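What follows is a single structure, written as structure tokens, with notes after it.
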């Protein structure tokens, strides 16, 4: 397994084409807006080095038997699924942001069982190809992005009905040695911090949509692939040089728009090509694993928000007010409800035909559906507890300024026992999580990551087995 | 293990003193208001006889190694805790009501570990006594009530401060061969259907409240013990002789006020006497197990309610309306969130010093807290889907009446494919669950059973480890 | 204006054909299940006699200039609309139930403007006929039921598509001197306590549905019209003879299924016949007025529930606990939000072409939409505050029983300063409002009365003027 | 009345001492971060010039009889209170932000009645002084800030108990010709855009806190008064020069920390000095008027958010999906509920002893309580409808960049009929309102402006008249 430093060095060697705020970024690894997101990924390497965290952070490869980072592992048991969620909560606690490495892990696990099943049906060899690819990831402890979401254009139209056929990533040329693909993947979490990207279709496809039915992996520095960095609320505060106004000065997340501008993919890295009948279940599985993930990572971030709100109450002198106590209890309650859902869909996991473990699909969708609601309410409660100062207080530069600094020190003091700066720091952290860069992850991505609320509702309906419930009711009501 | 018939016969032989609607009940087993509640308990015997349900319904005794009904078992693993929740969901589905036998199971498990710990501290012999008692329960497959809730009088006063010292059950005389106790236990679920009752104190006690610190077991036909039956909404519909208006004509629940009018208890059946320092944890454990239980039983009842609402929509001709579909999805979502909480606190269970398994306390309280909310919203949604006819439709007798029957048949027809009576039956079932006898169990007892919402909030606060969360926030915010 | 006694006498003289629990009711006025609902209507007469309430309860007729009961009035100003809501809150406070007379008032006001507009369009004479009818109602202070809701059969089919064409009330014969109608009206609130019934179509109709487009008035003792009484939760407690278990021993509401079995209606009492293009707006107006009504009556009932919950807390000794205080505040907050909506749609009222005043349609629908939610949450909070005893306590007969009475007195005492019976009475009142007969009105009818939630949502969408809002957004966003 | 241009010029002539991002701002009027907030205030002048808006925007002075801007008026009727709310909704619609001028209007109206009552009690002359001050404001159409919120230090301590006595603004010297005051006012909305500031105490005071009982007015360029500008989420996007990423490129709000560093106030401008017994009601009245205000301004901003969400759905091609339609309906419903509360507390207004009109206090607090909830839910729904692109899309500079621009145009196209840029603009507007600069006003200030949620709850409790409600319940329950 790599050390964090080795991970950073390995990324530095890649020569990615990244655009940010209208400029080509020379060295993404050291860019002040990108670096905090890299630090979050690096934490997945760091904790794997720490003995106390190894039971969660590492496991042994079912391919090689070697100790590997759990982020590269294929889940072998329900216990593995539970450990995954706990690992994610831990990382959320340590970074208070999106640490980006889950999406790849979830893609790998979905492809593992799906490629097995395609091969079984069509005597293809995707599964063995995929295992080779996987083993390299495990051996070299690589970060892999899982790219599913197409840009989709007009949502009321199918891929082939769009004014521009490229609005869903597609095969534009079939060659002897591989395929040429064109399209774009949106909302790509942490892709600039990844060595590899695994691409999958974005939704179930029909028979006549074979050009869109393609899954493959390429290195992130492949020819034709480039990245346009997404803006986050308050992103440029990271360029200002301080450590207060950013709220979280060490960690962050990022998303990019990834353009596949006629990228060539050799056959050895293609895991699905035209088997439209397996696309739906690939999408469902990836989404299912990723909906489980949110029952871990967002809970960890929620822990930090609860801690920050508790500190804000202390600094404000309100920690003992009964309504404040009650609001913190409510935050804990909501956060642990999310965690319960993450745990439950894991503990109820079951083996696939390929032997790896899959979450309970109904409960994983229930988990994510709650994630589209509770972090918003937790953010609201945190803003209530924090007080209005969170959005009206002066900048760090004003705090450091000769004329204004002493007045800020004097007048923004809360309880006498805590330095004013502590209070400002904690309020900025809450701002970061509720309005700032981390709100992108904690709020909007809780909403839309792994699919928007309606996507889960469709799955909940499908998985609910209403017929069985109707029969229960008929029996009780005395209906034959 | 007993058959349902053997269970009923064994109860019939008891000569309990029960009062109901102002009269002494001659034969509780055959009383039309009581019998449905007995049928629910009998279902715990019946399913244990059915092969497909034996993995959930039975286990082997850790005392005797014999196969026993899980309701008499001491949980030996987290898997046992998970199986308990699944068994409860199953029974909720089969009875659409409270099947009453959980409270005893939860009391036994709480006493098992607590008596062990008291003995370890004080070299008493409660644990071995308790195990003897337990083994008889297991061998004879007895139903045991767990009696905790005192009537409490003025809630702002401690037991000894009450105008009447008996408002908390207490020791009134200490004899050579045992104790004499006086007091009353309220909200006793299914006690008239039980062979034995295990009594516990109602809350943590202080050193000077030793008279109130007593736990013991007595048969339900003990001298001095008698029962006043609690009214339920719509209870007397069971006296009317039909099968529609009652909603659920086979199953039900009951609660009684149990009066201990100077009841003598021999030492062999006393499990705690004066050890006030262990009362708090006994109460917490019982409450914890019982808060877990709600993540199973109410989910099963919820399944019936969802099924009934789905059928109502079909009969009304609205099943395909998008808002109806969405409301049913929401019901499923809420129900499975409760289940997730029930599963999670079980899967995260841990062994006690005595060797039996205890739920995760934080998550069990989170589970119950959600139970105080979601069934209400599910009931609201079911009433929305059902339509107003649920509360305005004529009685079963009007349906059978010569003059009015044909008009009811004609005018209350929904979709042509379903008989009018089916529609009426399903609406009455929804009424039963949202307003009628079963609403007592599905709504009010979801609120107050195993403690009211505030009791869970106090526990959530205690278990939340806010200091650890504050430290996470300090590190992220850069506060030393 | 009639005194309450005169009202009762006038009803006694009617010989209505009413069926209840499988029997023809001899004398509805004196039947113990029906009488409380009559008492509620009588309160609309009584308060109109009391000087302090006359400003709300009475107004002068715009036809005759005489002082009339506001329930028979046509609103002449926005102030009248506001006074209507305040009158309804007052009556809710005095009866803690549905007082049934609003539906007629709302029907009269909707017909007043609609008949005017039909005449203007088609040179018919409905409006003058209607005014004659109205003046008699005002002069004789009659109670009129407004009957809109057809039984509707299969909701996915139009009236003429039903297997049975009578599932929507329709004209079956056109005669020289009038019409013969057949069908049934469901959920008829207080119809057995009314002198007259005004019938309207249940929804907007198409050109080819003219047989269903009919509005008229008939006396409730008209030949061919009869009533089947709807069951309410706990209705038969009123037959038991006590005053505690019923919760509210004086007042109640009722609903009936009204059968129009080939009823003849003379032309003088027909207000719409075949003008399908005016049916939609008649329905919307009636619904609009009635949705406003809920912002008054349910608020008054809510006041009683808040008062009862506050008393329960006092009797329990929990009135000062911060969480109890907070829950009562929340109940008040929700209740006053409903009231605000009732007031706002009234204060924003506007004149119709006929000169009478109509509520703001958007806000009236918003009002009712909140009524489908908040009473449920208020009921939940009341059950939380009340405690489980509300559903587990013994019957009134047990309280009066020689053996059990003293024990109930002793053990169900709360704070020493309040008699046990007071506590039981107040808990039974809360039960009545949340689970019992009054829950039919406070919960389910808050949901479905004046149309279910989805009906309001459709109207909210129509009234929202989204195009104007889009333009606001375009201007701000810099979109041409 | 001033034109917008005259207003801007008048401000330019003031030489305010303003600090922003660590620098003294040379010319606040032209600073790109401040200017949009000035534009919002200028809109209050512009609409008053437009004929169609004059009925809302202007009224006649009760002092001079001249036509004045309503923002400087003393409300003379309930109709005036209603007009105020409608004016505020209009301005919210036009600016999609806080237009800042309400706080002064609300302070003037609260002081008007309070000074009258102090004079009546103590034969002081505050009211005539205040009217002189007021008339100048009206004649010159000045913008006045109402400054209430002290910085408060440790919230668990009274003013005089703080480690630093200046944490509540106080009189530090009493001179012959006036007072010297010291302290700071936090969260000062729009103060840098104001000509004058009216200062009031922050909470009810005790007899021994007379030094803190002071109300007065000073020009904003008074010696000793200076301002430190508060940071808002995404504030520096306004420095980047584009019109897309800012979301709302024309309008905004601002808040400052205002330092009163030994400011001298002449007696002619002092409106309360030591009359601690009137401080509580001054605070309640100001808060009451301001809580009413939120039922107008936030509704107007909500209209823009609803419009933006509707457009986003159109551009995404999801406008017809039933769940999207339903979410927009829900947004409208919540928004109009807020408006209903704003209208209701106005329509129920009553005259004070001084003759001006005051809102219904209970309903105004209910109004604001809802404002602390619904905008959050509306923001959540808007984020749901918008889709994840809102937080992952590239910057405006990337859109204009030679290499990346064409790819963004191609791949972020939604429905073919709308330019990509329109879609990006509308998503940035939603971002602005939910996460960006306007979220400060739409979310956090909806929470804390005019007092945090708990402040309203305390007022709701006080105003609820629970004793009357208990009596209603007693009568119904048959309790003497």
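By written order: A, B, C and D. Residues from 1 in each chain.
What we mean here is this: a contact is a pair of C-beta atoms (placed from the backbone, for glycine too) under 8 Å apart; a residue touches a chain by one contact, two chains touch by 3 or more.
Model, not experiment: these values are computed from the prediction.
Have a look at where chain C meets chain D and say same if over half of the interface residue numbers show up on both copies, different if under half do.
Comparing the two copies, chain C and chain D contact each other through largely the same residue numbers, since over half are shared.
Which pair, B-D or A-B, has more C-beta contacts?
Looking at contacts between chains, A-B has the larger number.
Counting only Cα atoms for the centres, state how far chain A is from chain D in Å.
Comparing mean C-alpha positions, chain D is 37 Å from chain A.
Find the geometric centre of each of chain A and chain B from their Cα atoms only, then give the gap between the two centres in Å, rounded to an integer.
40
With chain centres defined as C-alpha means, what is the inter-centre distance between chain B and chain D in Å?
51
Multi-chain contacts in chain B: which residues touch at least two other chains?
In chain B, the residues touching two or more other chains are 323, 326, 457.
Looking at the complex, which residues from chain B come into contact with chain A?
Chain B residues touching chain A: 82, 93-96, 243-244, 247-251, 303-308, 310-311, 325-326, 328-329, 332-333, 336-337, 339-341, 343-345, 347-348, 362-363, 366-367, 369-370, 422, 425-426, 428-429, 457, 460-461, 464, 466, 468-474, 476-479.
What residues on chain D touch chain A, complex-wise?
Interface residues on chain D, with respect to chain A: 19-24, 149, 151, 153-157, 162-164, 166-167, 183-184, 186-187, 228-234, 236-237, 245, 255-257, 259, 261, 316-318, 320-321, 323, 372-373, 376-377, 380, 383-384, 387-395, 397-398, 400-401, 403-404, 407-408, 410-416, 431, 435-436, 439-440, 443-445, 447-449, 452-454, 457.
Given the complex with chain A, which residues does chain C contribute to the contact?
Residues 322-323, 326 of chain C touch chain A in their complex.
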